[in-house]
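Okay, got some structures for you below.
In the two assemblies presented below, subunit A is common to both, partnered first by subunit B and then by subunit C.
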Partner chain A sequence: MSAARGGSAMRLRGLLRKEFLQIVRDPSSIAIAFLMPVFLLALFGYGVSLDAEDVPIALVQDAPSRDGADFLASLRGTPSFAPRDAASMAEAERLLREGTVSGIVRVPADFPRRLREASGAPVQVVVSGVDANTARLVQGYVEGAWGNWLAARAARQGQEAATPVDLQPRTWFNGELRSRNYLVPGLVAIIMTLIGALLTALVMAREWERGTMEALMVTPASMTEVLLGKLGAYFVLGTGGMLLSVAMAVWLFEVPLRGSFWVLWACSSLFLLAALGMGLTISTLARSQFVAGQVAIIATFLPAFLLSGFIFDIGAMPPVVQAITHVVVARYFVAIVQTLFLAGDVWAVIVPNAAALAIMAAAFLAITWRKSRKRLD
Partner chain B sequence: MTASDAILEAAGLTKAFATGDRRTVALDAVSLRVRPGVVTGLIGPDGAGKTTFMRLAAGLLAPDAGRIAALGLDATRDSLRVQASLGYMPQRFGLYEDLSVAENLALYADLQGVAPAERPARYAELMHMTGLAPFTKRLAGRLSGGMKQKLGLACTLLRAPRLLLLDEPTVGVDPVSRRELWAIVERLVRGEGMSVLLSTAYLDEAERCAEVVMIHEGRILEQGPPSAVSARLAGRTWAVARAGTRHRDLHAELDGRPGVVDALVQGEHVRLVAAAPGLPPDVAAMPGLAAREVPPRFEDGFIDLLRQRQPAVARAARMDGGAAAAGAADGVVIEVKGLHRRFGDFRAVDGVDLTVRRGEIFGLLGANGAGKTTTFRILCGLLPASAGQVEVAGLDLRRAASAARARIGYMSQKFSLYGNLDVAQNLAFFAAAYGLAGAERAARIAWAVEEFALAEHAGQLAVDLPLGYKQRLAMACALMHRPEILFLDEPTSGVDPLARREFWKRINALARAGVTILVTTHFMEEAEYCDRLAIMAAGRILATGEPAAIKALARTAANPEPSLEDAFIALVERPAEAA
Partner chain C sequence: MWRRILALVRKEFLALLKDPKSRLVLVVPPLVQLLVFGYAATFDLRQVPIAVLDEDRSAASRELLAAFGAGTTFVKVAELGSAAEIAPLVDRRRVLAVIRVGPRFADDLLSGRPAPVQVVIDGRNSNTAMVALGYVRSTVERFNAGWRASRGLAAPPARLEMRAWFNPNLESRWFFIPGIVGMLTLVVTMLVTALTVAREREQGTFDQLLVTPLRPGEILLGKALPGFVIGILQATLIMVVARAWFGVPFLGSLAAFYAGLALFLLSGVGAGLLISSLSATQQQGLLGAFLFMVPAVILSGFATPIANMPEAVQLVTYADPLRYFLIVLRRVFLEGAGFALVADQLWPMAVIGAVTMSLASWLFRHRMY
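Let's turn to the complex of A and B:
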């Protein structure tokens, strides 16, 4: 029995060495494991932003006035807008239709007069609803700017502003309201899904396609050993991808890591096991790289992207879709990483989500193990 | 061992596969015994059930009925123990192409539990035996086809198994490597007393086995020593010629006559297998015929057995060569000068000169990777040449590729058919693709269905057709527009010998109608059907000429009647000796 165990160790070592040699020599593995993370992080860290910055808007004054010019000047000072002046409302509407600007702020001709009346002065804001997110932001910013301007004007005149409620907002966890701060941690989940599920499904399918699986099967190596070899190698690769993403998040994008690194490590490992389990499950069903790739993208990557709460808030989804998100493994991990990065070690969030990850990892690995027999049919 | 002296024994073995709602019986109540200490050949065409049998023996598949025992163990129930004690080399051996030769060996040594202390000596022995010693650092993906097969064999032999299963180890391998592989197998059997079961579709390899099992469509035709198979044919095999008649015309006259089991163009004469000893009276009565008895070959016996089950369809192939072909006589239709084609720094075609005349069957013979397919694609205008002149049907391919393409037909190695279209739809598509319309299109489709006997399969999807029918359909599609030149790339690889004969009958009929035919092949015996041959290796043409002339190049005192394979090997090895 001890001889058999020694043989098993030898076989496992041989399989692991083979996997690492293949990873090192196969440019596509390296690309998915290291170049993709860098690309995605750069894209989401620098390119994609859900904040409004330099939103082009048109400013229209129906009749020039000192007050009107003063209010519009307050919009020019903010980093949120890239304003341009339009000679008339007609021109501004043309710009909006052409998509040159995303909104119009119009100061009507009777603005100075009505400003002094009790009912207050109107400012017209027209926003392009094509991009609902930007539209809401423009609306919100202009409203804010209007309030600020009124308050400042009142202060200049030594009066109290006539605002019924004094709102003093305070933002927790992400004080600067940088969307990067919650996008980048969520990316760790996306990247590990890529390595764990997509890459693993592909390399297993490759063994079938190239006929190496048949040769492995007639050796004394058991299917469990073959699976452990793959699991071991891609676990290490996935951990590498995770470390790379966390390092870039913390040092390049200056996202704060408020929780414990070791808790992050442990939860990532759980998630990685679940992702690897999904990849291996796919590969027991799909024996060609093409099919395995398609299935992995549709069943793991896209849900991780869209349904995990990485970009789109799960609470805002319709109830049916919310129910579906419960089977998306990445959902639990995204909740954990966003909490660990921005809030800290909040055990009430971490423990139940980590438990869900553990259950799913166990389930997928059990399916794989049961499905793989040393038989070709 | 058990009371039975067989090292591998199958009884009533049945295995079927289901794809969709179709059920294919791969093995149908197969019983056989493999004797220890010899090479047993499992011989049959593609789809005969060879690979299924091998996988059942290795415990990779479970039979639907019957049982199979290897080394006294039930291969299905005791599969792990069986796998631990036999060696199995699948058809495409699982070499890791991005691992080096030494790393592949180390992996399989780990997996098979070879003790580290024994390894250096075993590696050295295997590398010496396979001639791979100078290449241990090379990546497996960079090895030639023959070297890959030898490395696969070495990996299988690491633990010196008592029973070795080799699934088509020589398919697609160049003749030199094929000979070396056989030498290794024979050494293992003689030197180490290993028992070997080897499957092959090459009938000429049967004669090297101590015993053969002939398998066709999942059933065993016969089992016994190969000499017993050919012995039944004593006095029945003849070489026939007639002065003043071209061998091809003579073949058409002889084929299908009463008493003739098989007729085959072979070099300058026609090889004939008679149904009974002696020349069939019907043939003997033909005037001016010179007939000489020749020793029977294994293939003759195999055909004889097949014909008993499946009588030949006595119908003459009716081929028309199209209007263009009937015109000019012996003119040159393909002229190639100094053809080069590079892919990166790899020279796939490295200075090829060819001249092919109208109505000729011209063969390009070479192993996989010799540059045959690349040459073909250039001639068909599918691939531009890196350098050199190519004229096809009098048109310069550089300037008038599409005009030249309209006059050629091309049948590719993989039979480019649409698998999810049925036979009639494939025909209609290719007819439309070649610009046929209206009555002409209908007439050509009707001709194809009749000539290739496709009517009963008309509604079947191409992917579900038996291999022989796929080949017929592909050829029908290539002939839709009555091309004057027909390119056939490895047209018969894998099809059974009867289908191959039928195929060549059609080719002969086309050539007699004036169509020029270029064919690539790695079957040496098939090259004998050609009028002229070019032997290719590493992108160059080593020799061009009639089969008889090429064979004569290898004639020595020791080997007064060399085969084409002997000639091929002599030509390939010649530069090495000179250097």
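Let's turn to the complex of A and C:
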């Protein structure tokens, strides 16, 4: 019995050695595991941001007045806007249509007169609604400047601002609302999904296609050992890539890591098993590298990008789509990393998501194992 | 010559469609993905889960909090008894925001002082936090206006009149669905082209192809046409679904749409074939496809505006064909653009297409193993 187990350990070592030799021989796997996370994370970490600064807007005064200039001055001082003056509304509309500016703030000619009337003076704000999110931000920034102007004006006249309810927002976990703080941990999850699947999506299909799987079958190594050999080798590579990504997130992009590193390590390992398992499953079911490659392109990137909660809030999706997101591996890991990085070790978030990762990893590996046992056909 | 190319095109289509798994992969996922992603891709929130903490328990505070219960924007998940209950709820993501009304709320409000109301927001997803905060703010703003009107208080001396062009209700879905049309088209071209040459290389049939009378340019044409045809068909289908199912307006000219699509396919197919002809194995082809597709999507301005990127990254986006196609799509769908308004986006795609196609054709001949 012990001799058999010793034999198994020896066979496994041999298989691992074979996998590593194959990896070293075709450097594209090493490139996938180490260069790709560095390259993608550097590019996206800097490139992906939802914080709009210096939004170009056009300012229009139909008739120059001191009150009008005073109001527009409140928009000039902020880092949110890069304002430019337009001579007329027609010119401002042309700029908006061309996309040179994202919004227009127009002070009508009767602004000073109506400022003293009970109904108040209207100020027109026009935004381009094509990018609805940026449009909302612009509206919010203008509202903020408007509120400040009202308060300053009231103070100058010795009154208190007439706001009945004064809203005081407190943002937890991400005080400055820096979008990079949540996008970078999510990017780590997405990039590692791709890498896990890319590493393994073709390996089983390649063995089948080239006939080397049949050669492996006649050796004493069992199918379980073959699979363990593959999983072990790529797991080591993937862990390396994961460590690199986390290091970049913390030191290059200065995302605070408030949770424990070891919890992150454990969850990452579970996630890697699931991602590698998904690749192995694709590879095993497809049996041809061409189809496996096609499936990997379709099934990994876009679902991880759009359905993981990386950028689009899962809670805002319709229930049917929310149900579909449960089969996306990245979803669970995105929830874990966003919480681990920004909030800390919140077990109520981590435990269920980690359990889901474990279940998915087990399911993928079980499918691979079952389907691989079938002998020659 | 055309007979030869036609024969090659026929062979390529057979290679793509003969395998039932491969056939399935080409037809079903794009439609399913459009439906799923179309619903998933939005920054608008529905039924934001909130909790309220009323330390005042006055008629005024109840009136304010009732405003959050009305409508479908918010769902009141819990009414808290003390401030200590806030942290566990927010930490666990049970609620996105907590509205906290302090004990002197009614006193302040009735005596004309600004009455502070605290709102605690989960900032883990800063964009969601900002959108939710906007909803809270407009609810409070409505309450303020109602309060002023019922007490005969003076309105603020100036007010903002907001209007949004092209998308009056600021539905972010209108922004994303044209983008999804572009993304799925890119994925399809990658599917069809990125692995074809690599597969023939790996199996050795590419050498056979090179010794036939076909010239490299003809091989290129034969390899490119299936991607082109499938791309046009799928994009048309997806565009129709985007309009009929999701009700995204299509205001511009069809000619501008197809001109943009054709040039985008040219550059996408060119990039795919270039990747494919650079790779010796399908594994490398797949890697190349991802290395092109993932940055092309993330830096295209699909979800995060290009204007927010640093200068250096903005320069990189000029090489991204999807960047131009997305602008064309949004202008044609939402702004009602004709040919003239998208012309400045068309030529860069033509340049990218010409460069990648000629490189791929050159590599056919000069990269041998």
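The rule we apply is simple: the second predicted complex is superposed on the first by the 370 of 377 C-alpha atoms of A that agree within 3 Å, B and C clash if a C-alpha of one lies under 4 Å from a C-alpha of the other, contacts with A are read in each partner's own complex, and residues count from 1 in each chain.
Basically, a residue touches a chain if its C-beta (ideal position, glycine included) is under 8 Å from a C-beta of that chain, and two chains touch if they have at least 3 such contacts.
Predicted, not measured: the structure shown is a model, and the values here were computed from it.
The partner that reaches more residues of subunit A, of the two candidates subunit B and subunit C, is C.
Of the two partner chains placed by the overlay, only subunit B lies in contact with A:Thr219; subunit C stays clear of it.
Once the two complexes are overlaid on the shared chain, A:Asp131 sits against subunit C while remaining clear of subunit B.
By the touch criterion stated above, A:Ile57 is placed in contact with neither subunit B nor subunit C. Of the two partner chains, neither subunit B nor subunit C is touched by A:Met248. Residue contacts after overlaying the shared chain place A:Asp26 against subunit B and subunit C alike. Of the two partner chains, subunit B is the only one touched by A:Arg11; subunit C is not. Applying the stated touch rule to the two superposed structures, the overlap between the subunit B and subunit C interfaces on subunit A comprises residues 26.
Residue ranges of subunit A in contact with subunit C, taken from their complex: 26, 28-29, 31-32, 36, 39-40, 43-44, 46-53, 55, 71, 96-97, 111, 115-116, 118-137, 139-140, 142-143, 146, 149-150, 153, 160-175, 177-179, 181-183, 194, 198, 201-202, 206, 286, 288-291, 293-298, 301-302, 305-307, 309, 311-313, 315-318, 320-321, 324-325, 338-339, 342-343, 346, 348-349. On subunit B, the positions that touch subunit A within their shared complex are 17, 55, 58-62, 79-80, 83-84, 86, 88-99, 103, 106-113, 139, 152, 155. Partner subunit B is touched in their complex by these residues of subunit A: 7, 10-11, 13-15, 17-18, 21-22, 25-26, 207, 210-222, 374-377. Partner subunit A is touched in their complex by these residues of subunit C: 19, 21-22, 25-26, 29, 33, 36-37, 39-49, 64, 90-93, 96, 109, 112-131, 133-134, 136-137, 140, 143-144, 147-148, 153-168, 170-172, 174-175, 183-184, 187, 190-191, 194-195, 199, 202, 281-287, 289-291, 293-295, 297-299, 303-305, 307-310, 312-313, 316, 330, 334-335.
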